Amino acid sequence: MTTSQETRSGTLAGLVQRHGALGVLVLLLVVGGLAFDTFLTAYNLGNLAVQASFLAVIALGMTMVIVSGGIDLSVGSVYALSGVLAAYSARWGPLAAVLVPLAVAAAIGLLQGLLVGKAKLAPFIVTLGGLLFARGLLQLLTTEGSETYLVPRESAFLQLGQGSVLGVGVPVLVVVLLYVIGGIVLQRTRFGMRLFAIGGGEDAANLMGLPVTSTKVGVYVLSATLAGLAGTMNAAQLGSGVTVIGVGLELNAIAAVVIGGTLLTGGTGSVSGTLAGVALLFVIQDLINQVGGFNSNLQAVVSGAVLVTVVVLQTLLSRARR
Amino acid sequence: MSSSEDMSEEPTAQVVLEASGIRKSFAGVHALRGVDFRLRAGEVHALVGENGAGKSTLIKVLTGVYQPDDGELRYLGEPVSFARPAAAQDAGISTVYQEVNLVPSMSVAHNLYLGREPRSRFGLVDFRGMRRDAGNLLEDLGIDVDPRRQLGSLGLGVQQMVAVARAVSTDARVVIMDEPTSSLEPREVETLFQLVRRLHERDVAVVYVSHRMEELFRICDAVTVLRDGRLVHSGPMYEMTRLELVATMLGRPLNEVRREGTTAFGGDHETGSTALLRATGLSRRGVLGAVDLSVKPGEVLGLGGLLGSGRSETVKGLVGLQSLDAGVIEVDGRTVRRGSAASAIRAGVVLVPEDRKAEGIIPHLSVRENIVLAALPRLSRAGIVSRARQDKVVATFMERLRIKASSPEQKVNELSGGNQQKVMLARWLAMSPKVLLLDEPTRGIDVGAKAEVQSLVDDLAEQGLGIVLVSSDLEELVEGADRIVVLKDGSSVAVLTGSDVSVDGVMSAIAEGGTDE
Amino acid sequence: ANPEGGGADPGAGSGGQQVTRTQDAGGPGCTLQQYGADKLDLTKAVVGFSQSEKEANPFRIAETASITAEAKKVGARLITTNANSDLGKQISDIQSMLAQGAQLLIVAPLNSEGLEPALRAAREKKVPVITVDRKLSSAAACKDYLTFIGSDFVDQGKRAGEAMAKATGGTGKVAILLGSSGNNVTTDRTSGFKDYLKASAPGLQIVAEQTGDFAREKGQQVTEQLLQANPGITAIYAQNDEMALGAVTAVRSAGKKPGTDIKIVSVDGTRNAVEGIIAGDLNAVIESNPRFGPLAFQTAQKFYAGESIAPTVIIQDKSYDSTNAKAEVANAY
Amino acid sequence: MSEVTAGIRPGSRAHVVGLARDYGVYVALGLLVVVNLVITPNFLSVDNLRTQAVQVVPVLVVALGMALVIGTKGVDLSVGSVMALATAMLPMYLGYGPVVAVVICLAVGAAAGLLNGSLVAFIGVQPIVATLALLVGGRGLALVISGGQLREVRNPEIRELGAGSVLGVPYTVLVAVVLVVLVSLLVGRTTFGRQLVAVGGNPKAAEFAGLPVKRVLLGVYVLCAVLAAIAGVLATARLTASDPSRLGELIELSAITAVVVGGTPLSGGRVRVLGTVAGAVLMQLITATLIKNDVPASVAQMAQALIIVAAVLVQRERNAS
């Protein structure tokens, strides 16, 4: 149970607010299932789940950062950069293909964490810098994005993205695992408690003697590393280090987190909500496809409208709480 | 405890915490100009001084929030320098800072145990255990509140008790309390004193900051007086009389001080006949039952009651800052729209809120801007503000309330707590209101300023304002008020007039109010 | 927000008539058996088209329109999706269309790499994939996909070089307005151009390469900056028409005459650009024709009729200059 | 504009730090100019000055509005889409004459602002998401309206607005200057401006002080969107084409950066107009420097990142907790 839950426990509105995304999700699944017989199939949902898993991993880190009252705009670029690094390092074997990108991502996270935690710069600007920097680095490594490194066809690394256990894609399994761990970390460890405390009142947290700086550094490292992992899995799925991915991904992640009922002001939030938020985004996208007939521009309008509706509902419910 | 026979043996007790030649200045302001401070094991040490004397700053230096510009710290004989509050706490110094510093969005239990949560196997936080411990701790300290409640939903008084509970629940060698009682009721104050005694018996050293003289003399063994960031006196408590202490604090001759009573309130005022403000049946589910009250011109109406009895809620309701389910509010017989701050202000009803930090000041704005904030529309033509008029108003009130700031342009969050409170008063007096609602107006204000505020309240009443006074300082309440409405569990249970307006009157009213429910 | 996407506009084909070059390019053909697909009657078939970028520039609009129109003509039921420049979305789009029962896929890849998961899914369902306008580099024809219909961007770059040499007389200082970085259209159109200059027009010296993101405003701003930094610039190679038209405005505001003082060559063949030639602002435009519809469905019909399909069908691109602009402007899109 | 804390002894360390904090952006600007004088060919020319001035206009005008929003602890991600949406109208109404067309553009901007503002003020949606919706949907709508096509603008007045100048000062720059003056007056001298800052500084206290918090918020988002629309018109006039698919892409990030680099904290409660101007010019100069010296995109982005962070690092608040 989350800290926010604790304080809201019982109240129905609180419940709905926390699981509002889940509610809408179920609703859409039912409606979609009734409307299109090709929608609620194991095949379709299976594919969606795999495609959603990358954003899910990123959004997990984003949730933690946002709970701590910060924000991480660099995830999209770090995601792409890690993909390229993974594909490149695959030539030295699967282990390298995983470790190299994670190490670099973590390093970027550390740098950002120090700037936010120690130098007390605004996370928005710091991670905006990270966004530009990682993207630039990526282009530098690929001679202005002209080279795409391929993962050796037989490399075991590919399994991380393409393999499946009992019909469930490996990325999906990774997501499940990470969200269980993430849930425990956020709701049941001192680190998690500190995140809530810092998000809820940084000065207070400091005066209470909580290690504010190290916690912040930690959470940015975490976020970047998860983004790195997502990029790595993606490279494994694509079999190559594509340079044009991850643009604007940070906004999707933020949207998912907020739809999941986490407040950008920090101090409250839950990873379960985020997962529902991610799922919601992809289901909406697929339903738009199933309905068909929208051209790309109309699609944008529709997604915008849906976003407003969901968030407004979300907000009204959470306000009903107070 | 604070009796002379204790004292005779105390001096030999070991010095736990010692500061010498501490200097600390902020942009432009010298908060501390070479202060020495010595704390012995098992003593309860009063740290007193006017607002802005440097008490909180000294405490923050002692506990690693600020690094001193100069001077030395010794803890248990060893020279130390605490980089962060965490360091001081690990060393065994636990602190209740002046402005309640807890996390409002988290539960009471979490706030009590943040950073030291009980952990089950696999090092996971054990919520059940935590809630149980929290429950016991609170009960043990006689604080009746559900540990699962979100802290922010509680009254300031309760929050303050939680902060104290957190501080004393660690086995610290030194406990520092910066104005822990500023919004506590007599009942809670007693509980607090019990705690302090226990600490004393456990040979824990306590630093105790308060502007309530009587408290100091009840529980303190030693006293250190600061004035303008300088040490002006340090010694055993029993050597001083209350007046001497006040005199040294203010740096004014004894006889001058002697003339002022315990509070600066005059007698009763002759009040108008018809009610200026009348409220009937104010209610809000879960917070207010049914509150009736009325204020006549020139009258000071007191609101009595225990923590969480709904006094703050009531006054907030009166100015439309607390939405009400039912109730009628009339000013001069005309009904004011419920739940609309604007119309309340237009009707001339204003509130100086209880929680200065959260509801009062705009931290990054200057003293000037904070004072004129509400009056801005009046001080401007066609939406263009006139600086000249602002400065006039600001000058008037800074002078009238003796607001201590390096200049009107100093950031308000750099002022001492007391001076911030005066800025709040100035903001609303600048609106020249008809009815002035004061929620804990002298909270955290030093004796001098307190007296000023109190006599100010008198003057305002003389000038025909209607005043509603909420104060957790019973003495102040009964001295100041002409009539007292006693609240209990969110309903008005009694109206005290004439001779009933006394500490006992209020106490018994609260007690009886209980019986007849 | 999407800096890399926008008007990237590779493509081939030429107005109406489908003149193809190097039919046999890229080795042996591919038949129904070799590909392992089932026979299909296009007139009753469900065809999926995965567009890569928003229909927000002439090329994409024309491309989608042409496919939709041809599908109607053939009588097939067309499902369309748009990846909005998001590779992940293109993969889900394709998978979603497969789930919806698409029997033939026409895909305009967002990137020359990274579609493997989608292709794998199609392969599993034995659904043939015809890729248009952008060639997949590491994927194999007749195995991962059926065939590629489009043009050769390197060649477009080369021919832009020729046109440039012709316009400038083979000497001068050239600035290149690159497309979005990381986009392989940009890379190819650059290398083709540079190789030609190195080989056949050494008198043309490249003094600056800056990205204009395939956008008009960016092209204008970058040109303004470049012209001030080195006033010696006498020619501009823009990798799409939009940037070229931006450059025209910039050249003018620098007090020079576009097309005369500073020669401008670009790739695309949009109507605005061809009119630019007529107005004398542009010197030459290498065409990229987006009307893949007819050829794509012809190829599909041949394929199901049992014919062998070449792995690559590259189309002769037209080119416009002052000699033919007036006559051809009608064919521009 | 500057906010040097009162009562600081000149020359004292605090004073220097204070100055660095308040004028850091100007320092950075100065440095960059010097660097350019050394490395960039023909940097010191009237033409170059004019070019930079002209090119900075859209970002600057957007940043002015953004500064107001940020002053209230908010942020507006939708400005780019609002530019596109508003200017998509321009070609359609030019028939009724340029004035009418422009007025309609601004009206559309205002409408967009009303949407954002209502979501934030009345429903209490968090600014980032509230405006994210319009960022996504707004451009889509613009493209639907314009059929996804870029439209040439042939109207002479509009073209003159984009290309013309008086005494060598381009019209667009003049407009920007006027807007800067207006906005700084608004912030410094009007009730609205002061209330705006108060709302950003402590919303609860502002409410307790009886300020019309909701109305202020609404007004701020409307202003921001209208300024974005103006920026859109200026950009379109200069481009001589309305390009809803690309106009204002990612401008929200440049604008926010300009504001923050200019010393307006994202935590709200303060607005520094001149700082914002300097911030915008700084960003413009960075871009110009990198292009003029033909730095490849990869390095350019990394350099930009470093300069931004450095500039903010210089002027960070001393951390008194």
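Letters A, B, C and D mark the chains as written, and numbering starts fresh at 1 in each.
As a working rule, contacts are C-beta pairs under 8 Å (C-beta built on N, C-alpha and C of every residue); 3 or more make two chains touch, one makes a residue touch a chain.
Just so we're on the same page, UniProt names per chain: A, D = Monosaccharide ABC transporter membrane protein, CUT2 family; B = Monosaccharide ABC transporter ATP-binding protein, CUT2 family.
Quantities reported herein were computed from a predicted structural model and do not represent experimental measurements.
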Comparing B-D with A-C, the busier interface by C-beta pairs is A-C
So the chain most remote from chain A by C-alpha centre is B
Chain centres from averaged Cα atoms put chain A and chain C apart, in whole Å, by 34
Distance in whole angstrom between the CA centres of chain B and chain C is 72
Chain A and chain B have mean C-alpha positions lying a whole-number Å distance apart equal to 44
Residues of chain C that touch two or more other chains sit at 1-3, 54-56, 181
The positions of chain D in contact with two or more other chains are 135, 143, 148, 253, 296-298, 321
Going by residue number, chain A touches two or more other chains at 138-139, 144, 203, 206-207, 251, 295-297, 299-300
Full set of chain pairs in contact is A-B, A-C, A-D, B-D, C-D
Counting only contacts in the complex, chain D reaches chain B at residues 5-9, 14, 18, 189-192, 194-195, 197-198, 201-202, 204-212, 269-270, 320-321
The chain A residues in contact with chain D across the complex are 115, 119-122, 124-126, 128-133, 135-140, 144, 203, 206-207, 251, 254-255, 258, 263-265, 295-305, 307-308, 311-312, 315-316, 319
In their shared complex, chain C is touched by residues of chain A numbered 36, 38-39, 41, 43-44, 47-48, 50-51, 54-55, 138-139, 142, 144-146, 148, 150, 162, 234, 237-240, 242-245, 247-248, 251, 282, 285-286, 289-290, 292, 295-297, 299-300
The residues of chain C that touch chain D in their complex are 1-3, 6-7, 54-58, 60-61, 181, 207-211, 213, 215-218, 220-222, 224-226, 228-231, 242, 245-246, 249, 253-254, 272
Touching chain B in the complex, chain A uses residues 1, 3-4, 6-9, 184, 188-190, 192-194, 196-197, 199-201, 203-211, 267-268
